[in-house]
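Next come two complexes built around chain A: one with chain B, the other with chain C.
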Partner chain A sequence: MSADTPPAAAQPKPITKALNCPGCGAPITLRALGQALSVVCESCHAILDAKDPNLKILQSFRKITSSDPPLIPLGTRGKIRGNDYEVIGFERRSITVDDIGYRWHEYVLFNPYKGFRYLTEYQGHWNDVAVCKEQPIVDSRLRIPLEANYLGEVYKHFQTADATTELVLGEFPWQVAVGEHAQLTDLICPPRVLSMERVSGEMTWTIGEYMYGREIWNAFRLSGNPPDAVGVYENQPSSFTTNVKQVWIAFALFALLILALMAGFEIQANSQPVFHAGYQLNQGEPRGESSFVTDTFELTGRTASVEVSTSADVSNNWIYVNYALINQDTGQAWDFGREVSFYSGYDSDGSWSEGGQHDSVVVPSVPPGHYYLRIEPEADALHPRIVYTLDVKRNVPVYEFYGIGVVALLLPPIFITWRSMIFERSRWSESDHPPNPIFNINTSSEDDD
Partner chain B sequence: MNSVEGCVLVTKPVSNCPNCGAKIVFQWSSSVQTVCEYCKSVLVRTDVDLKKIGEVADLPPDISPIQINTEGRYGDRSFVVIGRIAYEYEQGGWNEWHLAMNDGSSGWLSDAQEEYAVTFRSAQPDLPSSSQLQPGQQFSWSGQSYILTVLTKAHYRGVQGELPFVYWDKTDVLFADLRTATKKFATLDYSDPQPVLYLGEFVEFEDLKMKNLRQFEGWS
Partner chain C sequence: MFHKLYLIYGVLILSMVGFAEFRGWSLDSMNQLHNVPRSVRDNPGSYRSVYSSYHHYTGGK
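And then the complex of A and B:
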């Protein structure tokens, strides 16, 4: 301070200014006086030089904006990231990819202390955008980077396109012009998007973060409902993707629990032998009508598994045994058939064998009581004498249930992984790097026929 | 005169404007130039006297929230804004606010498009000449690599308050902005035949904890 006087009284300084459009005379309010470079007359759409006290007309355009009004009206204030911002500008831009035009909207937000911020909206998908203070690290040899590292995170190239400004309204901190072209490159790391904008040699990096329409509506206290989001947007966070890791962690935890249970029951399972007997099926003995029952044996303890093992001295033949485990006290029966077959021989590849001389099966959840087995063996009409033995054990470890449990547990993570994959495919299908189709339909071969 | 808390100000050199006689108090003992608030004379300190070397026009209206006498903190140092140089370029205007740090040094706070950066003059050998500059070039100073992002041809608009050097009556001035993968930032200033390097970083408005800011109607 160069004079011995108190500083000027701290009068709040107005930052809005009411002016008139030199083109049509309509009133114009400058909301970011001194910071805006261009202002667009809302009534005649002349683009005016906001720095010029006379608001020189820079460009006139005849687009009808009433058909595409800003969803957040100019002058609306809202809280973004804890700071108040006022919507001062609105533009519509478009890109053309494969002859299809894509249009989106951009809103200029202003706070006299914090400066500018932007919102973009495409088919109900919103992004909160700010100019990067840190320079993203890219391979400087490439004109279009395929990857960028920004604040330690890797962003993958999504799309590069030529954007055209179609329609402007309100104030802008740059010299805005309808018809202006910019090369836009988006690199994504959902929920963030890193954008590189090249306009006549100048390059600007911005960082955006995905926002839901509902958040925007709440921030600006807008009435009604935000437009529904259509499809999957480039940096839209996938609830499936974020859950994939967690769900697999949960799966791993449950699988460990199952393993622990298994180990616990394994220790308890004592595989106590309760019955043993040997039988034989004489050569050529007719099939059927030869069923017999075993002696009664007792199954003690709690309801538990019972293992029935069949061993037979089969060699290049088979025996099929129909079993019925019958509770003498209640009459409850478990019917099951087991086959023991063993084949072996020699061929050009050497010796081979198939099957085995032993089979066992576990009958789960058998209550305690007195039991016997009804046995009905079957074999080939021309079978030799077959000697077979039967072993019954109580309380054997059952691994199948754990297996079923693990498979059941696998279903949600597989489902979520699959959904996530579908989501990511849907995201990338709109990019410059669309994924290959899952089912490769080869149409060219049909042309040859 | 409101005092500057935390500033090491042993004596505030006092003098009178040779043009209009108004009292001139230097806040910072190393200031070389100041502008008389009343008659807008640009005054340069000699050993004892002030010499009028010119006049500045009124500065264009702007809405920077910073003003002369704004106080704040940068790291563990406090500062007070004692002067500024105002520039204009095709994307608008910005100020280089001259900061008197409480350790006696001098710093700069720029407010281009309300992106704030604090820089300090850095003596480095072999600075590139303006004709050698090209966006994309890499430089390394004090172990940090910088990439030249923007060349700005700025138009000098005026000065206010105290400056650590004589600076006025410029026309077009070239600046080169250099950025890094972090918030670190550098500017090459080609106002004078010898380029001057300023090293610093982008800062968040809140982090400077500034007081005595301008008040804006309808905003708090």
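And then the complex of A and C:
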């Protein structure tokens, strides 16, 4: 975008002047009198010299260049960044990339005390643009900068293209001309975009910030709805991208807290042993009632978990134990069965084993009281004698909850990282630096062989 | 916005993990019964476990 620097602090009062187009005689109102260099007749689209008292024709057309009414009509006033501006100019520009034409619109805004600023619109994406207050820092050896530093922010090169001005309306603070060519380079640091424009050796830097269509409509009190934004724009902010780092930091914090929680419960739990006994299952003895009960043991403290562990000297066999943890006082019981089995051998793949000689189960939320276990062991009749031991512990930590907690905490960061990657890929796919495709589909004939 | 929602979500997850651990919850499944008669202590055979019909795995590769 070509632009003069904003006017000095001491500004004259806004002056407007009504004139007539020397080409077609249509009335022309100069809104930025004294500061606009060009004015375009809204009737015949002739470009006139705004500095000339007789509005000398700079460029005229046999017929009207094209019809593309601005979304914000010329003369509309609105408030941008707390200041009132009036729309005084409108132009349509285009670039061609890979034989595809891309068109966007630019609006010239004017405030007699604040000067000029601009709005750009492309497929429902808007930018509030102003001329840079200082020169961005770039590598001067490169004609097209790959990186720029402006006011401490680093901008990355997005695209360079040759733009053509296709249509102009209203007033401009530069000598505008239809058909004018300019080299545009955009560097981005969402939600901002730094643009370098070269026109016949003259270079202008502007800084733009992304705005949503609804913000523009509200600022200018326009009726209806703004056009829907299509796709992802070069400097469009992503709520996912801006949150990725923060969410991962929060996840790290939560992971530390969950470790602290685990350590705290581990210290507090101390896994008190409350019962231990050894038994022997003799299948060779005459069959009778195999079930029996243990001595009574006391579970103290608050309602907490109870771990029942079974260890057996099984080898290529099994023992199954039906347990019932019964509260002697209330008749409340937890009924469960546990198997201890261990098998091993050797085959063509080498040695193998499965199972183990130890098993444990955690009984949930057991209130304090006096308890005993009813035990009913079973085993294969081919293995006449199995020795097994029983251990009962009170208040044991259940580590699975911490694992589930960590997984649950991981899901949102993974989700927003994935969404952010999709968003950024979509953004950069429109740039001069498109990302590599995720799936590289090779359709060469070699694959068919 | 998402960051704040995640903070709330994280606090909720931590609270749930802490509560589950404090209350002694378990992921093991078992059958809970009420009013088991006192006579089971003297006559364990009178109690029938719901797991007594379990089909045992006999192992082997």
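Some notes on this structure:
Here is the rule we use: the second predicted complex is superposed on the first by the 299 of 449 C-alpha atoms of A that agree within 3 Å, B and C clash if a C-alpha of one lies under 4 Å from a C-alpha of the other, contacts with A are read in each partner's own complex, and residues count from 1 in each chain.
Just so we're on the same page, a contact is a pair of C-beta atoms (placed from the backbone, for glycine too) under 8 Å apart; a residue touches a chain by one contact, two chains touch by 3 or more.
Only a predicted model underlies this, so the values are computations on that prediction, with no experimental measurement involved.
When chain A is checked against chain B and against chain C, the one touching more of its residues turns out to be C.
When the two complexes are overlaid on their common chain A, residue A:347 makes contact with chain C while staying clear of chain B.
Contacts of A:131 after superposition: chain B is touched, whereas chain C is not reached. Residue contacts after overlaying the shared chain place A:418 against neither chain B nor chain C.
Applying the stated touch rule to the two superposed structures, the chain B and chain C interfaces on chain A have no residue in common. Looking at the complex, you find that chain A touches chain C at residues 239-240, 243, 246-247, 250-251, 253-254, 257-258, 261, 265, 289, 291-293, 303-306, 316-318, 320, 322-324, 326, 328, 330-337, 339, 341-343, 345, 347, 352, 354-355, 361-366, 372, 374-376, 378, 380, 395, 397-398, 400-402, 404-405, 408-409, 412-413, 416. Residues 1-7, 10-16, 32-35, 37, 51, 84, 111-116, 131, 133-137, 140, 149, 173-175, 201-203 of chain A are the ones that touch chain B when the two sit in their complex. Of all the residues in chain C, the ones that touch chain A in their complex are 1-3, 6-7, 9-10, 13-14, 16-18, 20-38, 40-41, 44-45, 47, 49-52, 54, 56-61.
Chain contact summary for the complex, chain B toward chain A: residues 1-2, 22-27, 34-38, 43, 60-65, 68-69, 82, 90-93, 113-115, 135-136, 147, 149-150, 161-162, 179-183, 202, 205, 213-219.
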